[in-house]
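Sharing a structure, written as structure tokens. Questions coming.
All chains are identified by letter, namely A, B, C and D, in their written order; residue positions are counted from 1 within each chain.
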Amino acid sequence: MSNLTRFGISMDTTLLEAFDQLTQKAGYQSRSEAIRDLVRDYLVQSQWHDPQAAVIGTITLVYDHHSGDVEHQLTHLQHQHIGHICATTHVHLDEHNCLEVIIVKGTSETVRSLADHLIAHHGVKHGELVCTTTGANLH
Amino acid sequence: MSNLTRFGISMDTTLLEAFDQLTQKAGYQSRSEAIRDLVRDYLVQSQWHDPQAAVIGTITLVYDHHSGDVEHQLTHLQHQHIGHICATTHVHLDEHNCLEVIIVKGTSETVRSLADHLIAHHGVKHGELVCTTTGANLH
Amino acid sequence: MSNLTRFGISMDTTLLEAFDQLTQKAGYQSRSEAIRDLVRDYLVQSQWHDPQAAVIGTITLVYDHHSGDVEHQLTHLQHQHIGHICATTHVHLDEHNCLEVIIVKGTSETVRSLADHLIAHHGVKHGELVCTTTGANLH
Amino acid sequence: MSNLTRFGISMDTTLLEAFDQLTQKAGYQSRSEAIRDLVRDYLVQSQWHDPQAAVIGTITLVYDHHSGDVEHQLTHLQHQHIGHICATTHVHLDEHNCLEVIIVKGTSETVRSLADHLIAHHGVKHGELVCTTTGANLH
């Protein structure tokens, strides 16, 4: 069970009004929730600065499955890192294009390097790594 | 079938050597492939500046499924946007934490707004949107 | 004179401790100050989404002043936008390299476009735009 | 004197046309120049991953000079790092707000830490670090 701490903040009224307006537009139901999200985001970003931190990343790839044997090779590369890969989702975008999302667990160094290699693959049109978190220390 | 254009580039030798070294480390098998990736990345980024451009996004969410009825509400929110959602992958990270990746198709405006609302949801610890592409105009 | 609003936030104790640790390392003297900075940063980022918002940008350029007449042309380009440029600082980095920081005021659309054109200039090795704020509505 | 290497690239014609269109809009006068900029940007980004790399950063601060003795303290902090600071530019934005751009030379670790401390300072409304380069190895 997690413990909550309550604390007070003072903020310029104009600043707070502008913040409330933005976060309501984004769908936040409370000011506290919006501030907790900013804090968690700041922590996740800093976690990734440590190459040995345990993180989760999602790697998004767009590729043309008619382009050489890219599909086969991406699968092969993933099998070589089987211990780090949680799941892979494949979506058929159109006759040619596929989108694949690979969820990877490991040190930030390992996840970054695997992302680099997948994105660098011939036939991959676009790739991005999202640096997120196992959630374990992030309440 | 796609047409290829061949063209020449001149680059300072020292700059080129540094680039070759970096891209080899990342796993690129040719200099052309690495340059094509930089070009495609530049195009994808600019696409997202147009709110009406047809794009693909992947939304990564980390949440604690014990936190209120977050799981139920995220599912509900996704069903309201069923026409835009291609697929959802769910990974059980530990006893508490879940990671969900939602693949969304639509205008960049729609995808951004849906991402905002999912990330703003109470119980979602961390969320990120990847802006990628349908691949359709990106060879 | 500005008005302050005081309000309470509840946050998981572990999350708060991790945040306090990070912000102390960064030199923040209070938790409130760190949170206000996250809020202001979030507001500044959103301001830049509106092409007509009045903003301030700083454009950093690195160039070799021996490369063609780049210095002359950058000066010429700045004079054409004299109404938007607040100040320019020039630093001689070594025998060849110069760093120039140009402080620009205008709509976000204007500032972005001027930054694009300066960075695209032949001879400019590296350029970056910082999107900041006039501070006027940001207390 | 620098040596040039010429090399050929093949690119899908549609991709190349889209790239040419974007770079012309941004003001690039040749395709080679635009590609060199993408390459240099990629190199500068990777340089900053090494905490010991010699870099240049520009730190942009917006603050209200009526807020406590922020001006005095920022000056004091800069004098403590006099060996790393190349130049400081100050612009009076309005009756209250100042913008200061500080150009800093050092290892990426040193520059980041100084930026953190300046931005964390009470009274600083917004701050950003631009990670650029001494230009020395970037032709």
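One rule holds in what follows: contacts are C-beta pairs under 8 Å (C-beta built on N, C-alpha and C of every residue); 3 or more make two chains touch, one makes a residue touch a chain.
It should be emphasised that the depicted structure is a prediction, and the values quoted were computed from it without experimental measurement.
Enquirer: Between chain A and chain B, which partner chains are common?
Expert: Shared contacts of chain A and chain B: no chain.
Enquirer: Taking each chain's centre as the mean position of its Cα atoms, how many Å separate chain B from chain C?
Expert: Chain centroid spacing, chain B to chain C, equals 26 Å.
Enquirer: Counting in whole Å, what is the centre-to-centre distance of chain C and chain D, each centre being its mean C-alpha position?
Expert: Here the centre of chain D sits 9 Å away from the centre of chain C.
Enquirer: Residues of chain C touching 2+ other chains?
Expert: 40, 138-139, in rising order.
Enquirer: Going by the touch rule set out above, what shape does the chain contact graph take here: line, ring, star, complete or other?
Expert: It is a ring, because the chains touch in a row that closes back on itself.
Enquirer: Could you list each pair of chains that touch one another?
Expert: Pairs of chains that touch one another: A-B, A-C, B-D, C-D.
Enquirer: Using the touch rule from the top, collect the residues of chain A that touch chain B in their complex.
Expert: Those residues of chain A that touch chain B are 23, 25-30, 33-34, 37, 40-41, 44, 56, 58, 60, 62-64, 86-87, 89, 91, 93-94, 96-97, 99, 101, 103, 105, 116-117, 119-122, 124-128, 130-136, 138-139.
Enquirer: Would you pull the chain D residues touching chain B in the complex into a rising list?
Expert: 2-16, 18-19, 22, 31-32, 35-36, 38-40, 42-43, 46, 137-139
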